[in-house]
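Read through the structures below before going on.
Look at the two complexes coming up: chain A is in both, with chain B in one and chain C in the other.
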Partner chain A sequence: MSDVTSITMPLWQLPVIILLPIASVAALMALLRRISLIQSAPEEERDWSVPPFDDGAGTSLLHTWDVRCKIVTILIHSFVVASLIHLKPAICAVALSLTILAISRVSLVKVVMRLVAITGFISMFLIIMPFSAPIHHGDTVLIFGNMGWASFNLRGVLLAVTIAAKAVAITLLMEPLLSTAPLPVTLYGLSRLGVPEMVSQMVLLSYRYLHVFRHEASRMSSGMKVRGFRKQSDMATLHAVANFLGMLFVRSFERTERVFDAMRARGYRGSFPDPVELSLRGRDLILTGVWLTAATLLILFDRILL
Partner chain B sequence: MHISDGVLPVSVTIGGYVVSGMLVAWSARKSASRELPKLAVMTAAFFVASLIHIPLGPTSVHLLIPGLTGAILGPSAFLSIALGLLLQSLLFQFGGLTALGANALMMGLPALVCGWLFQKFKGRSGVRPAVIGGLIGSLGTTMAAIMLSLLLMSGGEDFLGVAKMALAAHLPVIIIEGVVSAFTIGFLIRVKPELLQPFSINSSDSAHE
Partner chain C sequence: MHEALEPFPIKSVNAPLFSIRSLDYTYPDQSPALTNINLDIAAGERIALVGQNGSGKTTLIKQLCGLLQPIGGEVMYKREPLRGDHLERSRLEIGLLFQDPDDQLFCHTLLDDAAFGPRQKGVCRQDAEAAALNALNLVSLSDMAYKGPHNLSFGQKKRAALAGLLAMNPDVLLLDEPTANLDPRQEQLFMDLLGRYQGTLICISHDLIFLYELCNRAVVLDKGHLQHDYTIKELVSQRNELKAHGLDFSFRLIVTAPDSQESCSPEPVGGSQHHNGKASTITAADSTITAADDTPLVDLKDYNYRYPDGTQALGGIDLSITAGERISIVGENGAGKTTLLSCLLGLRQGSGLFCLEGKQVTGRDRKKLWQKMGMVFQDCADQLFCSSVEEEVRFGLIQLGCSKAEINRRVEQALAMVHLEGFKKRVPLHMSGGERKRLALASVLAMRPRLLILDEPTAGLDPRGEALLLEIIKDLDVTLLLVSHDMFFVRELTTRTLVMHQGKILEDLPVHSFMNDTRLGNLNGLSYTCREQSSSAIRMLQHEHEHSHLHNHLHTHQHRHGEVEHDHFHEHLHEHNHRFIHHHPGDQQQHDHIPSRYHDHDHPGHHSEEHDHH
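Now for the complex of A and B:
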């Protein structure tokens, strides 16, 4: 423990150095959430609680990229980014993702919504890790006033920020991956890559009935509200919610039968028609090559140079 | 809580994919292949159920329902949960795409165990199924919380503090989940008991043959 650098700070600096950044990040996130809510605000009755996938219309480099190449490249790249250890390459990965975001011209509101979705989990690391990371040789520790029990380990901060950067870098790529082609085409690409066709069929069916059941649930809950139900922290609420779930399952189960009968009546024999004709061109492979080279450079930077 | 991208070591994410992949294949084989479209539709219902928030003091929690899913779907539960988590990741970014395998293990294994336990001990009538339902509801969430902590700890000793915190955050959910599961199972026993039969999603099939 002798070579641990510990810096004692006056107690009043605790809010300035630690609480202020946390508060400003929280405020920024609240602002982003507000923006994404306002941006998606209903002019007419528009429901964003289950966000729709884009129809994938567009002419950017990513829109015209062969969907198989796109899936393979972005997935490999995501795993490469997830395996980074150091902060600098992780920040480079964020920069690369931002560049791709700019090229693909996808809806920024949805990108922001995705970032908001990961904030809760990631801020858990940002807040806890500086205090909980064990102190090793060569660490720098900030101690505020006489609060010796709450040592603020800068290595923990570095670790948490690296995790956050990697998470952001990968999350930024999800819209370019999913919104630059219609969902059925993306899933078709997946099945042409060898994933069993049943997987993409099941995703399509669940996605479609997700909206049906959400409307069903909202009808049921407006019925409950009309009858005077208000959510509170008590047993009666839990009972009502449980009956609600039970009813949702019963209705859904009965619907599965009707859905399946209707599909068979329309000639369903275990497969859907292909949505598009895929063709692989030279430029698709070049783009894959360029991107994967960038990913290789990232990992080399991470493992060899640092 | 769903693990996002960039948190777990790559060996764990890839290992999670491999094990989940095998369990998904096993789960799909256990459900008749022509029943898979129905399972997809049921998955949508469980997905919607997991979006329901319950107020808890100043904040609110949402249900995880691995126990209920296991009780209703049996061995098909793993496939259903993996599919639901894939959709959650694609739609909401709850849970990263690279961590999908690990997230599926975290929710799917408890569902399989709970489903098996429920079929084994549910009994025939009275309040017993509801009590067992409540127990597996709590157990499912407890197991999911423990799996989450174990997965986080795979990152090394630096992750220990976060893992403990994540485990503690699940305590209120464990209680709420148990109570809700008990009531839901009690409701289903009265209203539609065939939903709780083993392989209920398959058994209706005989009518078509």
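Now for the complex of A and C:
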């Protein structure tokens, strides 16, 4: 590989190159998390007697868009973004997502929390890929001291950044997808698109009872802590955790039966009532067309122009 | 169970709405749940369904709404068996309120949930939402229509669940422990709502004072058998019957004389008063805690806590607990009581001074607080996770690092203290509510905590379970912190009361002062005295009842002698009932009947009896 450019750098720069970005990302994420926590703290109780703005009653283009068109369009767009190869179109995709965020006027705090959630995934790529990307013709690699076996491939960095940009672009769209309509409406849209209704119902009930199970698990965990349980790497811990999980399963199973009973007692016969009446309008189709055209341009830019 | 197993006479009602004939039901493990139940229920009746834990009450109401199908016999609703299409239609007319509201609130928002029933009835979306909003308005939750159920307090969830039923405009309401774990204000709200309900109402509750206010007929179940069917007044007035079925709640009606209240009142707040005037050495199990000086066991100064989202949960808490004190914490749901307990147990860390036995609790000490404080949770299922009773009690002792011999000794002692001897191999999950509560207490007592914390210990217990728990806790010599809405337990078990409201301690005063201060109840929306009226009425009923015996009367009344009808004073011996107001000094002891000579009574066949003419 004579056309590979190798740049030798002093060994002390290795931790700087690795640790500095990690520390920066960690600090940024900590800051974002802090901001999102502060922002999400209720200064005063909102008025729950009216439908919340970001639960479907908003007036933005995305709030009033037919949910079926929205799901199909955003999913297609996400697949298009995921299939991009080059960095420039990926950055364009991020810009497009930011524009959609601005149009949809969704909660930035929630967007930040979603970004924080994928930070670990992205960081792993940014750290591992420069060292693991195979060296091809024309690559530029940095070699620290005598550590020729751990060459830092700049193409790997480019690849990782591209993946990160695509991940961010798609993540930014999740809030406009999920927060511009109530969850039951989104799931109803999915079932109208052919997803089995039972799946939608299970997702809806899972979302509702996730909180309940989390609280139960938290209370049980407290119950163990106040009797001195601390996790260790021994058989006793394994035994206690197994008991904990078993009991949580039993309680969850019993609750599932009770919830089903409660549903039957109120007349449930296999289906939930439709949360809305969906009707496709011309503007829904126009918006779908515009967005899919943008997605097509992105893929053309990626595959033909670059 | 007492001997009363002759075929139970069916109380005749006009045009029964429900008609149950020879109903049998067995659980999947083949153990009998209901045996030969015969019952008629008329439209508009208000029935209290009572019995001990495990007597089959919940199974019976599940039969009434068709969630369970009889193994034998029949359940008829509107003269048709509850099966097939009729069952599907009937479910839309019969509302069942579950004990745990989370089971019932399965939709995304309160509005969706309340509208679910009407939509299932075929009502269009707009009308269903209107009915839902109306129902939410009835339970004072219309301002939370778009809130998710998981963001509500327990009391709000309970009311929302009721709104889901009321929106369906049901002909029948079946209620399973509607007021369990509610604070007095929420309980009163329920009482008002249910009092206004016009349809047929069947209510399961261990709270007979609540049932006394709400219902007019009582059906007693015992081990799956229908034991009694009479008026609610008859039920509450017959102590022996109540006792036979484990329902005797009369211990709650005992009025402590003012003198005795004074005698158990503590020294001024923060003083070193000890329970019942015992010496300054008190014991938890057989460990000795010595309050050698005035150093408080727990001392909080200007203690604050914020939830992670920044919401202030506790503000400026000043609390001093001396070894041996018995303290109660009262306050509405959401007042910060449980958060305070979490801080004391080291599960949460706030800011401010927190000293234990005079030593400030630091980060490292916080993780060891469990060694000195024990808590019995409101829902004991949260702290029972082992596969046997013995393992459950051993768990904490193993964490403490006790020797095997010591563990065995303490397990035996703790189980004996809570009357669970012989239960060592039992599976906690299969035990009754009262037994599980006592097991949770045993598992904490075995660790010999310096401070015992009880969070709503009476939640879900039947009267027999309550009485037993009361007896056990009374006998404990331990520093006690009791969180409860149950004013009877507060009065019986503690000497000092902290009134919490919005994360602050509003008042810190002797329990009798708290009991006499109606202002405090109104201050934080809790009307602790609202049950007094019913209690007084029941007390009267229990002491005012009929005795039948032979006796002579010199009296006058209309009677016939052949063709002649006249009245004159005369004396004759016959048996008839007398209604007396009197005291029972003891169940089997002799007692006096205050003479009550002037009263109406029948004289069947009197015209043919011989008597003197004066």
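Everything that follows uses one rule, which is that the second predicted complex is superposed on the first by the 269 of 306 C-alpha atoms of A that agree within 3 Å, B and C clash if a C-alpha of one lies under 4 Å from a C-alpha of the other, contacts with A are read in each partner's own complex, and residues count from 1 in each chain.
What we mean here is this: a residue touches a chain if its C-beta (ideal position, glycine included) is under 8 Å from a C-beta of that chain, and two chains touch if they have at least 3 such contacts.
Everything quoted here is computed from the prediction, not taken from an experiment.
Of the two partner chains, chain C is the only one touched by A:A236; chain B is not. Once chain A of one complex is fitted onto chain A of the other, the partner contacts of A:A265 are limited to chain C, with no touch recorded for chain B.
Judged by the number of chain A residues each one touches, B leads among chain B and chain C.
Using the contact criterion defined above for the overlaid structures, shared-chain residue A:V226 touches chain C, although it does not reach chain B. After overlaying the two complexes on the shared chain, residue contacts for A:R255 are found with chain B and with chain C alike. In the superposition on chain A, A:F244 contacts both chain B and chain C. Once the two complexes are overlaid on the shared chain, A:L278 sits clear of chain B and of chain C alike. Shared-chain residue A:L205: touches chain B and chain C both.
Overlap of the chain B and chain C interfaces on chain A comprises residues 49-51, 204-205, 207-209, 212, 216, 243-244, 246-247, 250, 255, 259, 263, 268. Of all residues in chain A, those touching chain C in their complex are 37-38, 40-42, 47-52, 55, 182-184, 204-205, 207-209, 211-212, 216, 219-220, 222-230, 236, 240, 243-244, 246-247, 250-251, 255, 258-259, 261-269, 272-275, 277.
Every residue of chain C that touches chain A in the complex is listed here, in rising order: 62, 65, 67, 88, 91-92, 94-96, 98, 100, 102-109, 112, 115-117, 119-121, 125, 128, 142-150, 164-165, 168, 308-311, 342, 345, 347, 367, 370-371, 373-375, 377, 379, 381-387, 395-396, 398-400, 429, 443-444, 447.
The touching residues of chain A, when paired with chain B in their complex, are 49-51, 53, 75, 78-79, 81-83, 90, 113-115, 117-118, 121-122, 124-125, 128-129, 131-134, 156, 159, 163-167, 169-171, 174, 178, 198, 201-210, 212-214, 216-217, 231-233, 235, 237-239, 241-250, 252-253, 255-257, 259-260, 263, 268, 270. Here chain B touches chain A in the complex through residues 1-10, 13-14, 28, 33-34, 36-45, 47-49, 51-52, 54-57, 63, 65, 68, 72, 83-84, 86-87, 90-94, 96-98, 157-162, 164-166, 176, 179-184, 186-188, 191-192, 195, 200-201, 204, going by the rule given at the top.
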